[in-house]
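Just below sit the structures, each encoded as structure tokens.
In what follows, chain A forms one complex with chain B and a second complex with chain C.
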Partner chain A sequence: MSLISFEFLIFICITAAAYQVCTKKYRWIVLMFASVIFVCCAQSILLTLLMALQITVTYAAGVAIARSRERQLIVSGKTIMLLAVLFNIGAMIALKDINFFIRPLILLLKSCGIATGVHVVHADAPMGISYYSLIMISYILDVYWNVTNAQKNAGRMILFSAFFPVLTSGPFIRYRDIESSMYAGNRITYLNLTQGLQRVLWGMFKSMVISGRIGTIVDTVYANPASFLGFYQFIAYMAFVIQLYTNFSGCIDIIMGICQIFGIEMPENFNSPFFSTSIAEFWRRWHVTLGLWLKDYVLYPLLKSKAFRKIGKTAKAKYGKKWGKQAPLFTGLMISWFLIGFWHGGSWNYIWGCGIYYGILIIMGQLLEPQFVKINSRLKINRDSRGWKTFQRIRTFIIFSWGLSFFRSYDGLIAGIRRWGYALSTFNPQIIFNGSLLKLGLEPTDVALLVVSLVILLVVDTLQFKKPVIERLSELSLPARWTILLALLFFVIIFGQYGTAYNAASFIYEKF
Partner chain B sequence: MSREEIYGELNKVFQEIFDDDTLTVNDSTTSSDIEDWDSLEHINLMMAIEEAFGITFNIGEVTTMKNVGEMADKIAEKIK
Partner chain C sequence: MGETKKKCIKIIAFCLIALMIFTLVFRILWISYSSGSYREFYKEKDNTANVVLIGTSTIRRDWISLEAWRETGYNYFAMCSVAQPLPLIKYLMIESEKTQSPDLYVIDLRSMSLPGGSYVKSGDIRRVTDNMKISANRKAAIDDSLKFAGIKTSNGNRDYYFSFMYYHSMWKNISLSNITRSSVYKGYCLDSVQTTSTATTASAMGWDHNATPTMPAINKKYFDELLSYINSHKLKVLFLIPPMQFSEEDSGRLAATVDYLKAKGYNIYDANDHYAEMNIDFSKDFRNVHHMSQWGAQKFTKVFAKYITAHYNLTKHVNASETAQWNKAYADYESALKSRLK
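Moving on to the complex of A and B:
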């Protein structure tokens, strides 16, 4: 059941009605049953059972860790925590990314002339396994670190682990942040309903009007790279960033809107990323909850570990105080970026294009910052001027698109490198102005619609950067507000790509 | 160790980490009050505090302290 489908609309209406008629005490139970039904309808019984096993292990581990703290168990809390975390990581890798390890193994065995029965696995994984596994790992660690209480009610644990709006695309929730609103049974208020629906509508505009259309340009160039040389490739790289942003942030807007209707407060996953002046800042504004998860549950534990402290001490003794800080930090950052890439998919196009590439850029940015300041000073550039900031934003967007060009190379890292060969094979900036871009798979009406929609997106995102647009809307007079909202609604209904001819309902991040 | 002594030691750690001999902190100081106190410098700061006071924070404590006042409370609790 996709978030953009008639079935989901009916499902949400029934859930909301049942939620509202129940008393405060039982509302979370409605959401729990809705989540169970959502999961059961979306996948086979076997996959649902696998998911249930992970939830059961996590639930039992949380309770056991709490008991071990009260010295009611022989096994230590640390042992239970390690086993439960390894189980969730193992399940996620085994069910989703096992081929990352099998492929080199097959190659190795073949090169040694050993014939074995090892094959690439074509197995399905439970829906949202990449999301709920990390969410459950954060819960186990938080219980172990004693910053949250273990959930002793199994039903509540099911709701937290499999909450249907966030299950397939995030954002990454944390038990300690969400428990107060998730189980509160807040009524559906007029304010939450209208603001939630506004956010859903905005998400639908981004994903149904823009993402699919701009994706046509990307698909055309990526499907036949040898025919599109030079700037065609770079245009496609940038178009993919906009496609991914409108698709993913649109999906997140729909999710956040649904959660707001039920009065559940969710962490924001996007914070005007295209206003970033550096790659490091970009990643603090893009897929925010994944970055925070990696920082708290991977980077910090690594940096605090004995091994990393040793790296720091050795570097300090050999190269001075500065490297004593930077050596462990950079090592930790590279491991974290590798894992971010790996989380997106066990293949090197993701590991490089959504991981290591950005890690290298961020580290280089830190190392070269003093030189950049010197150069700017010599060139008498005012680093606080609006012109310089605009340059930095455009530069960041372009550099970001280069990394994502590999992410989009679903046919592999090597194919992505070949595309760069086509991109650098000729210098043809004239295609930007001579109408060539109009021949990239879109009808003239679609091009016009895309331009208008991108202008709307740019205006709204610029306004959002300074003050939330929902707040601005609420300050308008009733007729003005409804005119804008109805215009947007009809725009989406008339120009949105949906129905059987399109696959706009499939969100890119659902497959991770 | 009195709260004043804790703050005396904390000030030394902050000055060392942020390379600023004039830096002093109080109960309400947060990361937004010190320009270089970002998420990466935060972990260096916490490890330097651990070393200075001979204590250990778990990651949960590292990530949930809201201001220096909470930090001083945790230190006082651990060195008792």
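Moving on to the complex of A and C:
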């Protein structure tokens, strides 16, 4: 059931009606049943049972850790925590990324001349496994660290783990942040309803009007890279960033809007990333909750660990105080970036293009920062000037797009490297001006519509950067507000890519 | 006024405005091939039609209800689209029965003998069902005709039920004609008036009576269903073979259909046998071998209308105000025709 399907619309309407008529005390139960129905409708019984098993283990682990604190168990809380975390990680890898390990094993065995019955696995994983597994790991760790109380009600645990709007594409929620609003049974208020629907509409605009159209350019170039050299590749890389942004952030807007209708506060996942002046800042604004999750549950625990403290001490003794700090930090960063890439998919194009590439750039940025400052001062560049900031933003966008080109290289890391080769093989900026871009699968009318839509997106994102647009909108007079909303509504209705004339819109991050 | 009431009014007002704009946008984006005919049919007052004609573009081009009214004084109405797959006939009769109780149904045999599968295109179905009002009958018509055509949709036929899901993609094709709709005169669209014609001969028209009769099993099934509906509702029906040229393949299927219907005791009017009576001038009365020109249509309408009144007992059930309304429609048609032919 896609978030922009007719079935989902009906599903949401029924859920919202049932939610509203129930008393405050039982509203969370409506959401829980809705989540169970959503999960059961979306996948086979076997996959649902696998998901249920993970939830059961997490729930039991949370209760057991709490009891162990009260000395009611023989097994220590740490052991339970480790077992539960490993179980969730194991389940996620086994069901989703097992081929990452099987493929090299097959190659190794073949190179040694050993004939085995080992094959690549083609199995389905439960929907949203990458999301709910991390969400449950964060819960177990929070309970273990005593940051939050264990949830003793199994139904509430089901709702937290499988809450239907966030299940397929995030954002990553944390029990401690969401507990108060998820179970509060807040009424659907006029304000939440209207603002939630506005957010859903904006999400639909991004994903249904822009993402699919710009995706046509990307698909054309990626399908036949050898025919599109030089700037064609540059354009496709940048187009893919916009496609992914509009698709993913559009999906998140829809999710956030739905949650707002039910009065549930969600953490933001995007914060005007294209205004970032460095890659490090970009990732603080892009897929924010994933970055925070990695920081809180991987990077910081690693830096606090004995092994990393030892690395710090060794580096300090050998290379001085500065490296004593930087060595463990950079090691931790590289591990975190590897994991971010691996989380996106168990193949090297993701590990490089969504992980290590950015890790290297961020570390290089930190190492070379003093040199950059020196160069700037020699060239008398005012680092606070608007022009310099704009340059930094464009530079960051381009650097980001080159890394993300591997994300889109579904045919693997080597194919991605070849694409970089195609991009650098010729210098043909003239294609930007001579109409060649109109031959990338889009009709001129679609190109015109895309340009208009991107301008709208840019204006809204610029306004959003300073103050939330929904707030600005609510300050307008009724006729002005309605005109804007109706214009956007009909923009989506008319120009949205849905129905048989187009392939049904889908969300890229849903497959994770 | 309470705050809640105010908010409710705001929500309702917003939805109403959105609905109004939606209707307007839908109307503009809708590339409607036959909407005029159906739109006019739905506008007709209840129980005023004497004869309802259901057919393809041949009826749409060749039959002028207002001319027939002027000739015989009875109300005729044609529900036509460019092509009309066999399963849809029953549903159009059901649609007609919702508001009308005609004395006679005239059913065009042209596309009824066409088999299903690839012969029936999505557009053939859409031209009919997109123009029908939303109802259970429309849904059944869509489901049945898609089955007949062997068209499988990925989203449970939703694009057919809610045709905007299809038509919204037509924004690239918008032209002035989408905004300024052509006038429809009791189902006859003057846009189709063309004075240019194709010269043909009497021997070239009609169908080969010696062709080997062939009727696909699926057609027989749908014919059985249609006749069962007609019998159970005690409807009077005349089948029409329109004035046109049939290919050899079509002739074979038509021959089988004629045999089948005759065996069941139904009347068939073959317009191709009446060219002399119509006083057809083959140099100017046909625009092509499938459709008549304005002049041919006038001749066919008069002869066929006379045949109907002579052979079927039509009841006068039109009051003075409706008569005046038909007279006005005729006057409008006549003046529009004159100005078009200037």
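To be clear about the criterion, the second predicted complex is superposed on the first by the 508 of 512 C-alpha atoms of A that agree within 3 Å, B and C clash if a C-alpha of one lies under 4 Å from a C-alpha of the other, contacts with A are read in each partner's own complex, and residues count from 1 in each chain.
Going forward, a residue touches a chain if its C-beta (ideal position, glycine included) is under 8 Å from a C-beta of that chain, and two chains touch if they have at least 3 such contacts.
Keep in mind the model is a prediction, meaning the values are calculated, not measured.
For the composite obtained by superposing both complexes on chain A, the positions of chain B and chain C are free of clash and fit together. Looking at the shared chain after the overlay, A:6 reaches chain C, while chain B stays out of its contact range.
In the superposed model, A:190 makes contact with chain C only, not with chain B. In the superposition on chain A, A:489 makes contact with chain C only, while chain B stays out of contact range. Using the contact criterion defined above for the overlaid structures, shared-chain residue A:301 touches chain B, although it does not reach chain C. In the superposition on chain A, A:98 makes contact with neither chain B nor chain C.
Centres of mass aside, this uses C-alpha centres: at chain A, the angle toward chain B and chain C in the superposed model is 150 degrees, to the nearest 10. Put simply, the nearest alpha carbons of chain B and chain C end up 39 Å apart when the two models share chain A. In the three-chain superposition model, chain A touches chain B and chain C at no common residue. Within the complex, the chain A residues that touch chain C are 6, 190, 443, 445-446, 478, 482, 485-486, 489-490, 493-496, 498-502, 504. For chain B in complex with chain A, the residues that touch the partner chain are 39-40, 43-44, 46-47, 58-64. Of all the residues in chain A, the ones that touch chain B in their complex are 141-142, 144-147, 295-297, 299-301, 303-304, 309, 325, 329. Note for the complex: chain C touches chain A at residues 7, 10-11, 14, 17-18, 21-22, 25, 29, 153-155, 158-159, 164-166, 168-169, 171-172.
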